[in-house]
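Order of writing sets the chain letters: A, B and C. Residues in each chain are counted from 1.
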Amino acid sequence: MGASLLELENVTIRFGGLVAVSDVSLCVSEGELVGLIGPNGAGKTTVFNMITGVYQPTDGKIMFAGKPTTRKKPHVLTKSGMARTFQNIRLFGSMSVFDNVRAATQLHRAHGIRQALWRGRSHHAGEKEVEDCVMELLEVFSLQDFRDEPATSLPYGGQRRLEIVRALATQPKLLLLDEPAAGMNPSEKEELMILIEFIRKRFGMAILLVEHDMKVVMGICERIAVLEYGIKIAEGTPKEIQSHPKVIEAYLGASGD
Amino acid sequence: MSRILKDPRLLLLIAIVAAVITGLGADQMNLYYRGVIIDIGIAIILAVSLNLINGHTGQFSLGHAGFMSVGAYVSAMITLAAQKSMGADALAWMFLPALLVGGLVAALAGLLVGIPSLRLRGDYLAIVTLGFGEIIRVIFQNVEAAGGASGLSGIPRMTGLTWTFILAAIAVYVVGCLVNSTYGRGFIAVHDDEVAASSMGLNPTRYKVTAFVIGAFFAGIAGGLFAHHKTTINPQVFDFMKSFEVVVMVILGGMGRTGGVILAAIILTLAPEFLRAVAEYRMIIYALLIIFLMIARPQGLFHFGRKRKPLTH
Amino acid sequence: MNEISQQLVNGLALGSVYALIAIGYTMVYGVLRFINFAHGDVFMLGSFAGFYLAPQIAKWFPLPSWGGWVAVMAATMIICAIIGIVIELLAYRPLRNRPKLTVLITAIGVSLLIQYTCQHQAFFGASQKAFPPLLPSGNFSLGGLSFNTTQFVVLGVTLVLLAALTFIVKKTRIGMAMRAVSHNSAAASLMGISNSFIISFTFGLGSALAGAGGILYGMTYTGIEPLMGVSVGLKAFVAAVLGGIGNLPGAALGGLLLGIVETYAGGMSGVSTYRDGIAFAILILILIFKPTGLLGSKQIEKV
């Protein structure tokens, strides 16, 4: 178990009169693969949005890599080492597969306007570096043949993979995946599970996974937290969660698709 | 050969040389044609600079004429002041610096407009930029030093073919190089999906403001060229219609396609010349054209699908 | 009566016109989430409708008179309602599912089309026309303030129309349908509400009010010309935003406030020449500091 990377302490968020998430605490350590599950509307994506800075919690604290995330904008948090995918795929629709990933490499680069305009040797060297990095990532995920195709022309599963690749290009320490298996058929889900394990091993990053499909979650997560109506009702190993009475009640016996 | 075509710096050099050569022959040219060609050059600069803001970065700005007017007035006031104390030869050297200062002040205006506005989306941003454009106009209408409602006249005619085209080439170069770099992909990312862009570590506000400032700078340069071409300017010239004309160029050219936008600028500047016969219907035709475009072909005339997705998805 | 109260009356009269037009903007925005740029030109068309109708109506109701005025108002409001509905049908409905910006640009196109067509000699011509007197002149005194007939009527009509509109929106079924569509058009149509009908109805209602505003404006300022819809329209839009776009009482409040502020500014030396810029300054300040307007409510974006 590595050092603590992400800490949520008693996090609550209210939208007007509605309490979407209440008093949730969660920890993710370096290199860990943690799952976040719960019925629809339990607040899982809301938790993601708070971690990544899209929403500000009304109460409680979130720490990432030892620093509080309060009031930090999403792009700042991403720079500090977290990346995410979205429940409804949000690729850059007018760009190619290659450029989608390329855009995500910029945050750590020192090259900006000056180099782009002067177009000297350092610019070309920098662009070559980006090209190599992006192609390497695309190859790992078998997307290299589609590099110049519009990102949205990929089949659904390909788009989901591309979103993950794009997130990886930001070199995160923590990868947040929001329902990566949604809309996939069983064999695609198998591939996804292998992919996620591979990412973890190859890039050594922590992964926080929101997922509906129990097979996927139980299959790869080391630890699982369960949300219902914005409250954490259980946390433990897959085995513990599977037999947890509250969890079973929350899902009313439904075992996911 | 293809390496030459791909190297933007080389292309810029060729364009500058071509501009200089053309400029040398300009004296033989009919004054009227010369004027129209300069108008085209100015339109190209305006269109390409607005394209950075509207097309590439997706920030719908309806106040471009405001930035143009800032550049026009500032550069004109500089040369008019210089004219009083300098001889004709020395004055010629003031042209470029005056233009540059005009562009820089316009860029500053872009910063001042951009920072508060850019947190707004869609229609609201459009209205606010329109508002800013109008405020700038009202301010110039009231500033005595800028000639108030009657504006400035007697501005030295210093805009020539050469400089117009060199500056147009530079504008195209800057916007093109900027957008086609890895850094520049950020503009398009912000255009496509701001939330996703910021989740990938890109600062949307910074990209938007940058687009605004650079766009405003070149609009200011265009304004300076305009002032020293027409030799008189007044606040009414830089009204909402002017902004809208540039917007139409960008839309007609297919938001975000530099080549298309340049073509559209050329066509829309030439069209009134050819349609002299129906000049009184010009604005009506314009309006019908826009409505037609939006309903039937919102992606513009020169957009053929493939690489960049159209505005409508 | 002193200068300040006189300005107040003038401001309220101007503000009433803004209010009537602002309501149209806000209703359309509430239902369609888009800014109908051409709305200000419907206001202008209302003025001109009154201008051309007056001599015809005078054949039956001699003008100026109360009867004649009512006839002109009614006829103009109906005409403008039809114009508004037609514009929506031809220019905006085909773009129902397109991005908002496309429709906005189309609206600008429609606005320009109306303005420049009307400017052409074949139609109204570009020069200013004198709006005919519709009401017998006179003076009223109310609460220490002195109104002339026109101002009194302007304020009165605005209040009456506002009350009528509030009644429609709050107490009738069609008003409820309008509110449903503005909250959630998909759900509304599942409930059996015809979105198309409601949208047309909203356009018609808003345009009728703009037309009324046009008549009232003509009566107050007497000079009308085809480009008048631009600045008045834009200011009315600012008023709508000031009050909170989508919020009806807000639009009325915003209109009245803007009218008063502008009138006072117009009377203050040093500021008066900037009068036209005030509306825009207010717009920018509001959008920066309180984008939901004075009476509006916050909307959260779902990620």
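Note that a residue touches a chain if its C-beta (ideal position, glycine included) is under 8 Å from a C-beta of that chain, and two chains touch if they have at least 3 such contacts.
This structure is a prediction, so every number in the text was calculated from the model and none was measured.
Participant: Using the mean of all protein Cα atoms as the middle point, what chain has its own Cα mean nearest that point?
Facilitator: Chain nearest the centroid of all protein C-alpha atoms: B.
Participant: By mean C-alpha position, what chain is farthest away from subunit A?
Facilitator: C
Participant: Please report how many Å separate the Cα centroid of subunit A from that of subunit C, as a whole number.
Facilitator: Chain centres of subunit A and subunit C, defined by C-alpha means, are spaced 49 Å apart.
Participant: Roughly how far is subunit B from subunit C, centre to centre by C-alpha average, rounded to an integer in Å?
Facilitator: Whole-Å distance between the two chain centres: 34.
Participant: Just curious, how far off is subunit B from subunit A if you go by their C-alpha centres, in Å?
Facilitator: For subunit A versus subunit B, the centre distance works out to 41 Å.
Participant: Which residues does subunit C have that touch at least 2 chains other than itself?
Facilitator: Expected reply: 303.
Participant: So which bits of subunit A are touching at least two other chains?
Facilitator: 54, 86
Participant: For subunit B, give me the residues that contact two or more of the other chains.
Facilitator: Counting only residues that touch two or more other chains, subunit B contributes 195, 313.
Participant: Which of the residues in subunit B end up touching subunit A in this complex?
Facilitator: For subunit B paired with subunit A, touching residues are 7-9, 174, 177-178, 180-186, 188-189, 191-193, 195-204, 210, 256, 306-309, 313.
Participant: Give every residue of subunit A touching subunit B within the complex, in rising order.
Facilitator: 52, 54, 73-75, 78-79, 83-84, 86, 90-96, 99, 102-109, 111-113, 115-117, 119, 123, 126-127, 130, 148, 150, 152, 166-167, 169-170
Participant: Across the complex, what residues on subunit C touch subunit B?
Facilitator: Where subunit C meets subunit B, its residues are 34-35, 91, 94-95, 98-106, 108-110, 112-113, 115-117, 120, 230, 234, 237-238, 241, 273-274, 276-277, 280-281, 283-284, 287-288, 291, 303.
Participant: List the residues on subunit B that touch subunit C in their complex, please.
Facilitator: These residues of subunit B touch subunit C: 60, 116-117, 120, 122-124, 126-128, 130-132, 134-135, 138-139, 141-142, 195, 240, 244, 247, 251, 280-281, 283-284, 286-291, 294-295, 298, 311-313.
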